[in-house]
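Both of the next two complexes hold chain A, though its partner changes from chain B to chain C.
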Partner chain A sequence: MTRPTPLLSVRDLRIDINTMDGVLKAVRGVDLDIHPGKTLGLVGESGCGKSLTSKAILGINPPNCKASGSIQFNSAAGSWDLLALKPGAAEIRGIRGRRISMIFQEPMTAFSPLYTIGNQISEILLLHVTRDKRVARAMAIDILGRVGIASPEKRIDQYPHEYSGGMLQRAMIAMAIVCKPELLIADEPTTALDVTIQAQILQIMQELQQEFGMAIFFITHDMGTIASMCDEVAVMYLGQIVENGPVRQIFSQPLHPYTRGLLASIPRMGMDAEERLASIKGQVPVPIGLPDTCGFYPRCPLAEEAVCLQAPVPLLEIEPGHFARCFKAKAKGGQDE
Partner chain B sequence: MLRFISRRLLVMIPMVLLISVIVFFVIQLPPGDFMSSYIAKMEASNEVFDQNTIARMRAQYGLDQPWYVQYAKWIAGILTRGDFGYSFSYNRPVWDVLSQRMGTTLAISLTTMAFTYLFSIPAGIYSAVKQYSFGDYLLSVIGFLGMGTPNFLFAIILMVISYNWFGDPMLGLVSQQFVNQPMSWAKLLDILKHMIIPVIVIGTANTCGLIRTMRSQLLDEISRPYVLTARAKGLSEKRILYKYCVRAALNPIASTIGWSLTSIFTGSTISAIVMNLPTQGPLLHQALLNQDMYLAGSWLLLMTVMILLGTILSDILLAWLDPRIRYVKAR
Partner chain C sequence: MSVNALRPETGQEPILVTKGLRKVYTRHRQSLVALDSTDLTIYRGEVLGVVGESGCGKTTLGRCVIRAIEPTQGQVHFSPQGVPGVDLLALDKKTLKEYRRHIQMIFQDPYSSLDPRMTVYNIIAEPLIAQYRYTRPQLEEKVAEIIRLTGLNPEFMHRYPHAFSGGQRQRIGIARALVTRPQFVICDEAVSALDVSVQAQIINLLRDLQEQLGLSYMFISHSLSVVEHLSTRVCVMYLGRIVELADTADLFRTPLHPYTEALLSAHPQPDPDYPSRRIILQGEVPNPLNPPGGCPFHPRCRYAVPRCATEVPPLRHITDRHQAACHLAEDLRLEGVRTERTA
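Take a look at the complex of A and B:
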């Protein structure tokens, strides 16, 4: 398949964390492509390494997290291997917030309580876009209005504690897009919010994507929100991508047993709670001293020692553009094999 | 903000009055009064008083009246004439005795405070930013030693060192040859020299505590989610540290700055005695021993006012530093 150059290509990203119990292999060879103006979803249970992967793009993981591999960023302003840039140095800081920005899970704690929302939004503009405080303020008011905050000219001078959680997440989105970045990373942006507000936030993100044309890297542990948001999906388990492909194919024809388990856990009408909870048995192991073979083996309904444990499983292209890390995955048309 | 401050000051008035009653009541509680302890002392040196003289002197000082009458007279004197009563043991008005020492006390307290905050806040920041570095460990060791060593012992050690190296233990606040001399550059220099040891001794205990507080507060702040947001915006580490973290970490320190004002004022009594410093602490100590009740009462009353003013000062600082507090107060 010929596609345009991706905006962001992650290749063989590995993140090791030194802990008291040994080296925690939190991310184990992740490949991802994010295309301009498109949305890539990254889904997986909590603790599988989604946040570490996304923060590695901006180089904002704590110093005890050692990353290797490459993260190629092909921006309109130039190309960089983000992983090769020195964290904290001027070059990567010029990319952060300006070309790639990020919103986080907990809007209530993501703003500093000590400064007004206006101060914190203007700050990013004064850093990257303009030196004029009045211009920055006008832009901040404008962007707050666009994310659906009523009377932004008043709200701009309020402090975070005067905002509700949903409004704070709107303000967070406003701050993230005000410099018109090419890529927006959203790390579980709705997890901490009420269900009704979740839908509004997702809608705003989609509207802004239409308007500004940025790519979105959308991270969630909830398969349910993926379908409406994403063009492509990567499913992550224990620091690895186990399935990767266009959203329609993943939903209509999941190849990896883990993806099937996640899909079965989406609440549907007429489904009772017990049925849902039973979808994936067992627990996620801690990734310290694990073998290289299939990480899902202990929980897998299809597990078969002779097939599954013979070697590390590569990410196999089962159908064009649709990959799975499973020896037992078969394409629909492949039944006659 | 102005309304907030004036309201706090107004509330202070009944509080001070109430505390003054309690203070006065407690001070006159021990059996006997200044006269009886005075007579006991005199009798120890074989002087004899007849009952009449004693009664006359009691009446002269108003000691024969019930305590609430004495209190009413005393407080009325303060409010109408600024008269804090008479110090029996000094034979002078209380205000004279207090104000004479006020200058030295304030000089030492304020210098110590400036020394404490100017040193410990940067040291705390350094310790947190360079956590587990050699400098951090060094500051910790010095800090715990400083906190663990009793002040009076520390004072003696420093005075011995000073005596051995410079031939002068730096007792008191001025050298002998400058006592009763008018102020001059030489005298000022001498006073400053004498303040080094007190400031170090009285300041270290506080300093070490403050370094620890600043360090742990700052470490707390550095790991907060808003720091990640700020980093993702492209801000430099320095800016994140000073604009966001340090300011947030200063809150708990600001809330205690008022107390430390008074604790420096009073807590240094023992060291002041050891170092022979003419500050307020030893004065109260003596006044209580002698049952010199107007002096003791006035002293405690002033202290109350200082503590309350300090608390208000803290509140104002906090409200200025933290918008969440401002918000609650404004309602």
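Take a look at the complex of A and C:
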């Protein structure tokens, strides 16, 4: 299947963290493609490496994280390998906030409490778009109105503590999209919010995506938001992508036992209350000194030593466009591929 | 209704009844009504789910019931088996302490709710030491028993909390709450901090323990799907009030309050083909220091009529087993969760 050039291609991304107990392999060879105007969801549990992966794109991981591999960014303005750029150098700073921007999980801590919301939005505009403070202010007011903040001309001069959590998240989205980036990275953008506010924020993100045509890299642990937001989904476990494919296929025919376990363990509204939740036995191991073979083996219901532990499992294309990192994964119908 | 009234349909006895429970915080001459005249009955052996968004008063409700915070007004009638029923709010400290062995709480955060300087044994034994006079071997036996019941390995009971994962710590918190063998347990967001695969383990554990030990729960959570899964009945709160109360299936399939309808529709279903008809509520929860007049929900309600702005709707029985606080409850045809996927 030929596809258009991805906007962002991550290849063999590895992130090692030096700890007192040894080298922690937090990300172990991640490949991802994000296409222009589409939404890719990255889902996984705490500590699977999803946030490190997203932050590596912008080069904002702490210095003790050593990243290797490549992150090819094919922007309208040129192509770069983001990993090869020096952190803090002019090139990456011209990309951050301008062509790729990010929304963080905690709107309450992502803003500086010392500056007004208007100052913080204008700062990006003054850096990338204009030198005229009045123009920047007008643009900031306009964008605040667009994300649904009432009377933005008044709100712009307020400080973060005068905003509620939902409004701050809107302001953060405003800040992230004010330069019309090609890629928006959203790292758990609604996890800290109540469900009715979450619905508002997700709707705004979808509207803005349609309007500006940006791609969204949506990171979350919540299968529910993934289902309503994404075109494609990558499931991450223990620093690796274990399954990757179109959202419908992931939900209707999950191939990897971890994805299946994850889906089965969510209580769903409307499901029979007498049903017991399936849970995945055991817990996620600490990724220090792990073998290269399947990381899910100790918790897997399908585990079979003779098959699973023979070699490192590659990401196998089980169905067209639908990949799983499992030797036992089979396409629908049950025949081997 | 008398505090000992049996549930007409099932003949269950109430274990806990609140009447006019109210909590008002006053500061700088402003008063914030965190919990407004709440009447609730929880029957023996049932799980009452309490859902609502941040600041709706659900945690305040749980804490007022156990007197972790002192309510401003009201009564909490508690009738455990084998001891005389009492109004918890009228008890002196000493008697309250004796009753606390029958009513316990499980907290949200498995990290901050366990003292890092105490071993697991000491954490779990503490309520027993406070309540009873056991010898050391008796204590060890009781602690080991509850540890096994909550799915932990008693060999590790002399370790400290940092040696355990989030899910294991939550099991320790559950063991601590259950070691005095309470009859009534308040679970305040007990699974919210956990990852889904571990969350499922703890939900199953809470359910098994409820059946084995005949517990009654007040299960407080913001997560509709978790509440639906665990609860016999559910109450929905908004700005310090109960706006709807019904049997779980009833409330989720045929909600009678517009706020419940909006909550249900906003909950993202893990199914890309779920026919989403998300109702996007306008605005946010009003400031509780300055709540709107009339129905607290009317500024965000799409069905509001002029009457809603002036008259507070009381929580009333719409059918035998379904209460709602909405003037229009009989007339609206609200949409609940669809169980069968529409093709």
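We take it that the second predicted complex is superposed on the first by the 323 of 337 C-alpha atoms of A that agree within 3 Å, B and C clash if a C-alpha of one lies under 4 Å from a C-alpha of the other, contacts with A are read in each partner's own complex, and residues count from 1 in each chain.
Rule of thumb we're sticking to: a contact is a pair of C-beta atoms (placed from the backbone, for glycine too) under 8 Å apart; a residue touches a chain by one contact, two chains touch by 3 or more.
Everything numeric in this text was worked out from a predicted model, so none of it was measured.
Clash-free side-by-side placement of chain B and chain C is the outcome of superposition onto chain A.
Touched residues of chain A were counted for both chain B and chain C, and C has more of them.
Contact with neither chain B nor chain C is seen for A:23 once the two complexes are overlaid on the shared chain. Contacts of A:102 after superposition: chain B is touched, whereas chain C is not reached. In the superposed pair of complexes, A:307 makes contact with neither chain B nor chain C. In the superposition on chain A, A:266 contacts chain C only, with no contact to chain B. Once chain A of one complex is fitted onto chain A of the other, the partner contacts of A:84 are absent, as it touches neither chain B nor chain C.
By the touch criterion stated above, A:161 is placed in contact with chain B alone, chain C being left untouched.
Of the two partner chains placed by the overlay, neither chain B nor chain C lies in contact with A:316.
Look at A:113: by the touch rule set out above, it reaches chain B but stays clear of chain C.
For the pair chain B and chain C, the minimum alpha-carbon spacing after aligning on chain A is 10 Å. Put simply, chain A uses no single residue to touch chain B in one complex and chain C in the other.
Residue ranges of chain B in contact with chain A, taken from their complex: 224-226, 228-237, 243-244, 247-248, 321-324, 327. Looking at the complex, you find that chain A touches chain C at residues 45-46, 164-167, 194-200, 202-203, 221-228, 247-248, 251-252, 261-271, 273, 276-280, 283.
Every residue of chain C that touches chain A in the complex is listed here, in rising order: 53-54, 165-168, 195-201, 203-204, 207, 222, 224-226, 228-229, 248-249, 252-253, 262-274, 276, 278-281, 284-285, 337-339.
Contacts from chain A toward chain B in the complex involve residues 55, 58, 60, 88, 93-98, 101-102, 104, 106, 109-116, 123-124, 127-128, 159, 161-162, 172, 175.
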